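We just call them A, B, C and D in the order they show up, numbering each chain from 1.
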Amino acid sequence: MTIPETSATQCRSGDGQTGATTIPLASVAPSGSLELLSQQEIVQLRETAKGELYELFRRCALAVLNCDGLSDSAEEVYRQFADFDIEIVQRTRGIKLELKNAPACAFVDGKIMRGVRDHLFAVLRDIVFVASELYRLGEQDQTGWTGHFDQATWHQGDEQTSNLVFHILRNAGLMLPRKPPSMVVCWGGHAISREEYDYSKSVGYHLGLRDMDICTGCGPGAMKGPMKGAAVGHAKQRNTKGRYVGITEPGIVAAESPNPIVNHLVVLPDIEKRLEAFVRFGHGIIVFPGGVGTLEEILFLLGTLMSPENKALRMPLIFTEPASSQGYFRQIDRFLVDTLGEGVREYYTIVEDDPVQVARLMQEGVADVGVQRRSNRDAFYFNWSLSIPSEMRVPFEVTHESMAALNLSFDLPAAELAVNLRRVFSGIVAGNVKDHGVRLVREHGPFALQGEPALMQAIDKLLQGFVSAGRMKLQREQYHPCYVIQAPESA
Amino acid sequence: MTIPETSATQCRSGDGQTGATTIPLASVAPSGSLELLSQQEIVQLRETAKGELYELFRRCALAVLNCDGLSDSAEEVYRQFADFDIEIVQRTRGIKLELKNAPACAFVDGKIMRGVRDHLFAVLRDIVFVASELYRLGEQDQTGWTGHFDQATWHQGDEQTSNLVFHILRNAGLMLPRKPPSMVVCWGGHAISREEYDYSKSVGYHLGLRDMDICTGCGPGAMKGPMKGAAVGHAKQRNTKGRYVGITEPGIVAAESPNPIVNHLVVLPDIEKRLEAFVRFGHGIIVFPGGVGTLEEILFLLGTLMSPENKALRMPLIFTEPASSQGYFRQIDRFLVDTLGEGVREYYTIVEDDPVQVARLMQEGVADVGVQRRSNRDAFYFNWSLSIPSEMRVPFEVTHESMAALNLSFDLPAAELAVNLRRVFSGIVAGNVKDHGVRLVREHGPFALQGEPALMQAIDKLLQGFVSAGRMKLQREQYHPCYVIQAPESA
Amino acid sequence: MTIPETSATQCRSGDGQTGATTIPLASVAPSGSLELLSQQEIVQLRETAKGELYELFRRCALAVLNCDGLSDSAEEVYRQFADFDIEIVQRTRGIKLELKNAPACAFVDGKIMRGVRDHLFAVLRDIVFVASELYRLGEQDQTGWTGHFDQATWHQGDEQTSNLVFHILRNAGLMLPRKPPSMVVCWGGHAISREEYDYSKSVGYHLGLRDMDICTGCGPGAMKGPMKGAAVGHAKQRNTKGRYVGITEPGIVAAESPNPIVNHLVVLPDIEKRLEAFVRFGHGIIVFPGGVGTLEEILFLLGTLMSPENKALRMPLIFTEPASSQGYFRQIDRFLVDTLGEGVREYYTIVEDDPVQVARLMQEGVADVGVQRRSNRDAFYFNWSLSIPSEMRVPFEVTHESMAALNLSFDLPAAELAVNLRRVFSGIVAGNVKDHGVRLVREHGPFALQGEPALMQAIDKLLQGFVSAGRMKLQREQYHPCYVIQAPESA
Amino acid sequence: MTIPETSATQCRSGDGQTGATTIPLASVAPSGSLELLSQQEIVQLRETAKGELYELFRRCALAVLNCDGLSDSAEEVYRQFADFDIEIVQRTRGIKLELKNAPACAFVDGKIMRGVRDHLFAVLRDIVFVASELYRLGEQDQTGWTGHFDQATWHQGDEQTSNLVFHILRNAGLMLPRKPPSMVVCWGGHAISREEYDYSKSVGYHLGLRDMDICTGCGPGAMKGPMKGAAVGHAKQRNTKGRYVGITEPGIVAAESPNPIVNHLVVLPDIEKRLEAFVRFGHGIIVFPGGVGTLEEILFLLGTLMSPENKALRMPLIFTEPASSQGYFRQIDRFLVDTLGEGVREYYTIVEDDPVQVARLMQEGVADVGVQRRSNRDAFYFNWSLSIPSEMRVPFEVTHESMAALNLSFDLPAAELAVNLRRVFSGIVAGNVKDHGVRLVREHGPFALQGEPALMQAIDKLLQGFVSAGRMKLQREQYHPCYVIQAPESA
């Protein structure tokens, strides 16, 4: 397969400049909910942005501005734009962002592209503003202000977490009170083959023709294909209100620029809240082939759907792949049945190589969701009724210790095992691409995993398959595993 | 001139029913910012609404629903609809308001009028929701939530107050980020003559022809006339985006139904914040003849404008009246010069009986404000640069003691005297129409005022004039003064 | 400066100027369908406007501009603004209208009010442009163009007339393809009592609360009241898309300025096509007390509805009046039964003094119309299925001869008698207020009518009633009848 | 099920069906200006559609519905869907189109795609409705109607033609009265290399980033690339109002389905009016490499711009190509200088392989056009001031005789030679792809051309170049020239 997509790369660039061309100084006025800030909020925002969040904010802003970037190595990007700086400037009228040495590709004749500007202010809104407003410590500060959420509380994985997720989505303007269900979440790898990418695009196209909207993790690969396809489908149906929602988290956005089709970007504080956002905001879910991140998502969702409280709940879930993927999902299906039992199969449908069928099934499933919500008087825009096990929601801090301590045994009930399996894959994602994880692995070697041999074997086989299929990272160079399966401590 | 406005009263009634006809049970879905609430917010909202704020909320809701009411006696209305009840009902999807025995005039064939519904939810939003969100005690409650504002702090009249006012206006969706200045605040009496009412309508009409928007205290009389006139002017100019903003406070809204033309209603927590909202939100101010409330507004504004920090600030201020008012503003002008000095005159222009001239001057003045804001990089939507003396902003609690203690002497600097004079008139407004004040006076007799004889005389003369001109209350029955001017404690 | 205005006149006046104040020169750019004209069309338009249509166009334009006018004497207005002139100026870009000595009341600070501009271009569009495009002689002129309609043909009252009416309404942008029925036609006198006016306003208000739109003949009195009331009702329901349609004809528009609430104005070529437009465009009809014009409308409608082809057709028709009108409609009812027979009563409902009831009945009736149109696959926007007797549609040219020749006898079938009776009242309208008719009567004395004595008596009694109730003309001065009932030529 | 699709074909297909899959029966309701038709118009429309225009209408409708078609052989398509039928059905409410055996690719789950429906009704509007309304014979028919344009007249190439073109564009809703210049016409081949296609896409992308709109001949290749690119640029700038205008003519639309990005499609009656529409409607022109059709366009434009009346007129014209095209435009430039003289060069700029530069120059040029139009009071939406030589506008009927008779000699003035050269290339286009031309050549052999040897040599060299570069037809099979250069007749 060789498509020397010159045109594609040209199209991804603002002005076609490549390399580290930068704009020495640029000032950008806000869009969206940051247009109207009180003086108080501005003071707080500037303090927060200058404080410990500064570096995170700077990195995410850089990733957004580097909208041409083809690398998923965050570190490389940081090195390339080491002198990039960002500052919030106060005016009576409101704020401005002042950018120094920003990547030129975000600008057209010196003016920032409106799409990039929106993403930039989404990052400011969700990383800095939300931090300063929603989940600051409950203690009252010298200004007389206190935050809404106590940080200790919102890590407990209880209903407070749902409220926090809701507030962040609402603040991002994502929820439309009366719009009937239409939001299809698409999951899948960022490092996939051209055939898989084209397939995801085709599925998106047939969803778009049926006026479905698309929500993804907002990176490349299976997170971009469905949006591109849907955009064409929407255009053919003269639908100018198509929604392309990207739900991400700081670690990811810092590593990968959101794809520019995304017209609603929201950054959740961590991976667990991001997963919760997906399943409460979406009306149906399609999974394309992917790597460990995709597995993490599948386990989060199945662990949730299998919970008895969700017995009656409708949530269409489709696994699909092109012929060229050669049974990827049969492999996944095997792994799921082996680890979670035969019952898991009633929660998903596998469709092989048939985009029209996927789109039709999803359209029907989403319509069913609408019927159920209406009859239960549930909201269309947020699935409050879904019960997510609290262990799924507590942030899993990836360290060598926490990874080693995971209990991986068939003795656990299926739901509990699903929780721990998700953590395994979450840890490997971190070790592969997230700044913090990559550093840990570089310093201390791969994460060691241990558990019941048959289980460990199943995991190992799956991961080996991912490695050999090149599903681990974007770069096609040799993959150095960030994990090692240890023999059980014997007996 | 007597116009037996049958048509007017018919037009004010939902279905033409008069008297205490009620609807036994009605349920109303929210509009605006209360459409999307988290479960957390709903719980808190319901608790707040059932707690100490319940009665206030119930009364304001009743006033809004009683959109036909011709009385400004709150007590009479409460008596008439004694069995009216309102409750917030929780649904997964959001909230509903359940109304029992609500006035029938708010309904058309059993469905609430959309305008009344908007007002009802504005009341819920600003009285209950704002209370539960913005200015609850800083202490963290058992849910892990804390409010934004410490109640102790926001009474100090410092920049925190401005932030609070800003947040409330923003939450009400009042501020449009890029709209050029056009908002004309109109002050004046609620109990005025037919000629004065018609005159205020004519001024509003000529403002409307010039695409100005109108903001008033949202009661009858001079608070309604300019809106009615502007609506006709807007219609003739095919302007369907005319804004009719009512800025009120709980004490007032409970006493008087907002006039139904108001398409943006906001309830500030107290009279001082309401006055601050007027002067920060409006781009120019027109004062029509009125009573003590109007005087209070004038003194608040002049005390502010005369402050040296506001030297350079542009704020067009016009006093105007029809020929039939026979020199009302000459009287006011005299009083202002007598008490605050000759210099006060440079802050206002008096226009006698010439609506076109008023509209032209105001249009020019508002354009000037736009030029100044632009060159200072100030916001169009909120006048952060205006410096309001903090004594003007600290709520004045009206009691017999606080009224008696007011220092009314020419020895005070003009600015300070303005502060105390404003409090005098504020107290009399309370004694005349506000529930709390009326009760105090009924129980303990009129408020006693004392001070420097010449000053007291000036006040007395003005008030006598108001009484004899019938400017004190809506009802034309005999007025029983709620104040008494005491002889100085001698020497 | 002292301008002693009552609010009513102030509100009707652009800048409050009264009398014949004029603007020496003004140039106005088009709105609506005249914004995009080809060079060819412009040439033709200018020629047509300079030719025989010039005087008619000038007069109608003057009436529209004289939006303050209180007189229904066209002649008086022409005298007052004798030096008014209007010219179409050609630019490459399109046309402009150049006005000389136009009434100042149409302007605000030198700029024409947008509402008046729309009316002005509606007049140009319907009188000049339609003439030059739609019903010019079929012969090809030297430019190679020919008109769509042959003038001879469109006077025959056949389906060509319906097509012409349709084309004119479409060209005016009046018809919205998918909007469900909501258009209530209100007929009634222009010279009515204050109580009747207020009543029509109240009915309009209750229609507006129910989201009905209003269509009238667009003059004062019962043609204005329902619109004013509906505007308030729409505002209370936050309905900013309310439609206030004025359907008029050159003779009327030249005599009376359309009321400025009208946001869609269309001028049909003659009274018959105007009546056809009413009944094909409206979904229900309400008749208020009026004079001879109202009678003409009633007879046109009843003559049509009674036609056997329309047997199955639904068309709600309500006659209504306030208590103070003292049985006006009992009188009309009597007359109708006396002349057209008892059967006529099944076509209308009389409601006495109950605006809410009128609004409810009309809302139900209009909903029924929707049901019927849907099930018949008829258009909502134009009632093609209504069959109008061709004698109703042939223009009746009013002369002393044609009036005298009318066959008024009980020997005629009811439908035919209705046709002739309509012509009687049509002629009297002309003699009362239309330029051409007034001149005829001034020169040759009143029109003589003759016919069967009992019938003539019924007519005479009705007309006497109108005279004594002051329903004949706006001016309350002594009415000089423009007709005389002659004794039969007898034997 | 196995559908071996590449993404490209998937995205072009409604439901992925290929081949001659058809929908037996479908009925489609109109959009746009055909939603409101009078009964008269419907009758006429149906008659016209059943008459001599039926076959043309059927073919164009088929091409539009066959939106997946990859062939530019019209004949092949007609054979494949030989039993396709289309009929206009009359309802009281309006019309419907009834389709029999229509290509399935235009439908999604049985419903026609909204984009295809719009194109279908554009074809009906411009081929049948325009015919029945605008340029029917001037003679009055039995219905009393006559058309606007005399067919004899509108072939004379005088100002009547401009009026006709204007009317057709207006009827298509193409012109927006107040929109500033932004419409960039892109010309170029339909059979171009992948690199050239990608280059045209990149130019479109950079135009889109600068909020330019795109107008092309609406086929594949250089007519599609700029639109696809601009759509991405618009998306990145959050511009949802991007306009993608296709201007075509019946012969072309019948041969090639308009690309589905086109959101405004208009069909002009013949190639000359189509060219006139391009140059009067567009604000600037970019030419990409192409074949004979592109040459025809270039010669039409240069012959026009070189006319002395257009001396002062600004019209930015850029020739551009990627590096891989290896001097295509140097060749064209040579040919133009050789035939029309050195002076021709001041009318165009050649940009080699630099999309950003093309976009910047065009943006500046279009802004200049805006300045000039404003200062001349010219319309933005239609260039009335451009003077087009009438010989360019008279339709050239391609036959063996007319081709042979073309005077091709350097003795002619440059402008006249340009006219004849355009006809040469117009004829070859017909012989290559148009139904009528292809048939002529099949029956009578290639068109013979003759003229001055040096000139004939220049032409021959250019055409040989096109043939060897594969620029003649879509299919890459062996090209059989439809022309032959003859030796001069002797001596």
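In the analysis below, a contact is a pair of C-beta atoms (placed from the backbone, for glycine too) under 8 Å apart; a residue touches a chain by one contact, two chains touch by 3 or more.
Worth saying up front: this structure is predicted, and the values here are computed from it rather than measured.
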Chains touching both chain A and chain B: none
Other chains in touch with both chain A and chain D: none
Euclidean distance of C-alpha centroids - chain B vs chain D, Å: 64
Distance from chain C to chain B - Cα centre to Cα centre, in angstrom: 45
Distance between the centres, which are taken as Cα means, of chain D and chain C, whole angstrom: 48
In chain B, residues with contacts to at least two other chains: none
Complex contact set, residues of chain B against chain C: 1, 6-7, 10-11, 14-16, 108-109, 113-116, 118, 198-199, 201-202, 205-206, 209-210, 229, 231-232, 235-240, 260-261, 263, 323, 352-357, 360
Chain D-facing residues of chain C, complex: 35-36, 38-41, 91-94, 138, 140, 143-150, 153-154, 159-160, 162-163, 166-167, 170, 175, 177, 376-379, 381, 384-385
